[in-house]
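The same chain A turns up in both complexes below, where it pairs with chain B and then with chain C.
Let's turn to the complex of A and B:
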């Protein structure tokens, strides 16, 4: 079962949340970030090239112009490969673990998997990030203390959805975690 | 005066009189008057009196300008320091700290106000987001 809704992120951009319910114990949430807009790309390119042309009129060295073209191309490729995230996915499998996938604009994908034995809870936390934002994070258990938290792993870091989207994801995750706790508590 | 009490009265508030710390008040007033005298009186008058060792007049403008710029930068710097000292999103300090970890649990008594303590974030989230609206 699959369904898609649109939300907005903390800056006002549009996000699309796709929920797939594979089974009662396995769910996937896929957040698509807005694509690289043509407007910002042309704005950055124009400023860099105008600045290079200004330097060229000062120095009369034509290497500056070719260097500017080179820098723009390399910068764009580097940005698409290392910075610009297209889609973030959270896959929860009851009794197995939680997997987070980020896929970049150049096609690169990076995946992180946390096994269910380490997961204490999935919560919505508030923190200061230029302003106060809500973000979803996974709390990991502390092996020493039964009720302690050893680490906080934030998810959807580049998409940064707002609270309404987070509440949807939170409720679905809590259903699975409650189911998992019930089955793990009973012998 | 209608009343002789030292409490703030409307007519007294405007002048801040009597001053709470007379030493600081008097010394700052004296320093200000001295600064104005030094900045405006031409060199010849104090020289004829015998007071010859003053700093250059350039500093009369420069110091006040430095002071003004320092205040403006102070605002920006304070904002920057605040932002820099807030914990990153993946830090454990956004969830708990040493005081919350070591707090003692008091026994619940009927009809008494419960003791003040830190509620774990899982319980807070369940109350906010899972309770049916």
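Let's turn to the complex of A and C:
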């Protein structure tokens, strides 16, 4: 079962949330971030090249122009491969664990998988950063202390959706976690 | 292989065992009630209501029908399937094989269920037959996986025969299929390694958390994967090596050759280390010189590393093996770079011009220092110095410089020969060449070091005198016994002389401070250059190149974890996932497998360095080897 809805992130950009319910014990949430805008790309390239041309008129050295082209290309490739995240996915599988994937604009994917045995809970936290923002995070159990929390892992860090989107994801996750807790608590 | 019913005759087989061939149920002769294997006892303690996870190897997805053999982990309600046993088989021999693997790898395997790969239509009889097998190999829960030929849709069933522990729990469990690549999981190593204590006796090892148990199971069952389909063993298995056991001629040859080669090299290295530990080298002047030269440090380090690599003991765990491999690759790269440097030096015959340029460079440096001292003796930067002290210090340093230049000129005929031998040492490695270069720089700038020490000592003396006289000025003194400042009543003449001395020292302070500043800056410059070289040497010494290469070419060997992908799914069918290995990021590879270096780093934090500079204490930029252990 698959459906798609559009939300907005904390800066006002448009996000698309795709939900896939594979089975009662396996759900996937896919948030697509706004793409690289042509306007900002053109602006940055023009600035860099104008600055290089200005330096060239001062120094009369054509190496500056080639260097500027080189830097722009490398910078763009680096940005697409290391910085620009296109899509963030959260896959939650009952009794296996929770998996977070970030796909970059160049196609690179970086995945983290947390086993269900380490997950204590999934909560929405509040943070104050010039205004109040909400973020979804996974709380991990502390092996030493039974009621303690060893780590807080935030989810959807670059998409930064607003509260309404987070609530949808939170409800679904809690359904699965409740089932998981019920089965693990019974003797 | 035809699944049409064959004759029921168990030809040539004793009465105690029955060859099980596929066929209609009535053809199975005398199913012998066998005592339930150990697997049944494990299976009874499981978590009810949890989804049953079946880890299935991708290589067996196209195998013919048969029995599923693997390990059942009750705490996570997961069944790790390792291989498929094909018909015909004798149940007793299957159990013997499982017992053998249990002994070899200390992992408790059992027959987990049946696997049915329907190749033609209407093979219902096979289904019933397979269900009947459940009575021979009883295991809780009994897994039944079925697949249509050429279709991606599977059906799974897990049934229980025992009364469920709590009422209301179903007789059948929900099954989730997780496919894994058996070869990659076998060869990979999880980081951080799940610390499993070696079990002393008895059944399966205490299970590691979660998915580490899957890796552990596959790694321990290596004995199961030793036979392929070309062997004439009693039991026919399907696993990742069933198409032919993987082996490489080069690896085998290397293994055979490594034994004697290691023994030979270990003897050589022990001879060298015995020679270097000889009593002659412990005599005072030599031992002092050896401890100061960084070449000796580097050579000692390399000797230790090579002894480790060529020791005849086998590596106990994968970490040690990786360390040995890293050291070997690092040494080989070092030697290769050194030889490249050597060939570059010899190629255009650069040693001659280099040697000829060295003495004029040293002369030039000495001349610049002379100019500097003349400048200091005048009015440097417009400051007015105390003429007498200025002249004394300036003349003293000038004379020292003059001695140094004469020494260099004395050495000049021998420089080319020395450089030639130094260049030859590059074949021991680039790190050795760099260390020698750093030592040569230290020797050539020895006069700067001397000037720094003189200036620092003078300045330090002055500061000490000033601080104690300042205390006298205020009517206090330093109590050595109590290590604190106490008040004290001085006599008038003590106060008079003290104040006089204090005034003299204060007015002479700028001159001394300026000399100290200039020579400290020069010394720091030289230390910076040497530090850069040491940094490069350290980098070559400690970078784990083999691990980085492995991460680049065989990323599944170094695993940080796993990742899952949901495969094509249809409602009503069990969920199918693909488990892949998530490789370790490069930063963590370097961090985990870094080789220990000499430790010749500048170790002072900035605060204490500034304090030492202010008070004129001498700075030793890197710890000597003796201090490292303290």
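The criterion applied here is as follows: the second predicted complex is superposed on the first by the 183 of 187 C-alpha atoms of A that agree within 3 Å, B and C clash if a C-alpha of one lies under 4 Å from a C-alpha of the other, contacts with A are read in each partner's own complex, and residues count from 1 in each chain.
We take it that a residue touches a chain if its C-beta (ideal position, glycine included) is under 8 Å from a C-beta of that chain, and two chains touch if they have at least 3 such contacts.
Predicted model only: the values in this text are computed from it and were never measured.
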Quick check on the superposition: with chain A as the shared anchor, is it clash or fit for chain B versus chain C?
fit
In the superposed arrangement, which partner chain does A:28 touch: chain B (first), chain C (second), both, or neither?
second
Please indicate which partner A:144 is in contact with in the superposed arrangement: first for chain B, second for chain C, both, or neither.
neither
Counting only touches as set out at the top, which of chain B and chain C does A:183 meet: first, second, both, neither?
second
According to the stated criteria, A:91 is in contact with first (chain B), second (chain C), both, or neither; which is it?
second
Figure out whether A:38 sits in contact with chain B (first) or chain C (second), or with both, or with neither.
neither
Could you tell me if A:99 is touching chain B, chain C, both of them or neither one (first, second, both, neither)?
second
Please indicate which partner A:11 is in contact with in the superposed arrangement: first for chain B, second for chain C, both, or neither.
neither
Could you grab the smallest C-alpha gap between chain B and chain C in the overlay, to the nearest Å?
19
Contact residues of chain A, present in both the chain B and the chain C interface
none
Touching chain B in the complex, chain A uses residues 120-121, 123-130, 135, 137, 139, 147-154, 157, 167, 170-171, 174
The residues of chain B that touch chain A in their complex are 83, 86-87, 89-92, 94-96, 101, 120-122, 125-126, 128-130
Taking the touch rule as given, give the residues of chain A at its contact with chain C in the complex, in rising order.
20, 22-23, 25-26, 28, 91, 93-97, 99, 101, 111-113, 115-117, 182-184, 186-187
If we count contacts the way the header does, which residues on chain C are in touch with chain A in the complex?
47-51, 53, 76-77, 166, 174, 176, 178, 209-211, 561-564, 566, 569, 575, 577, 582
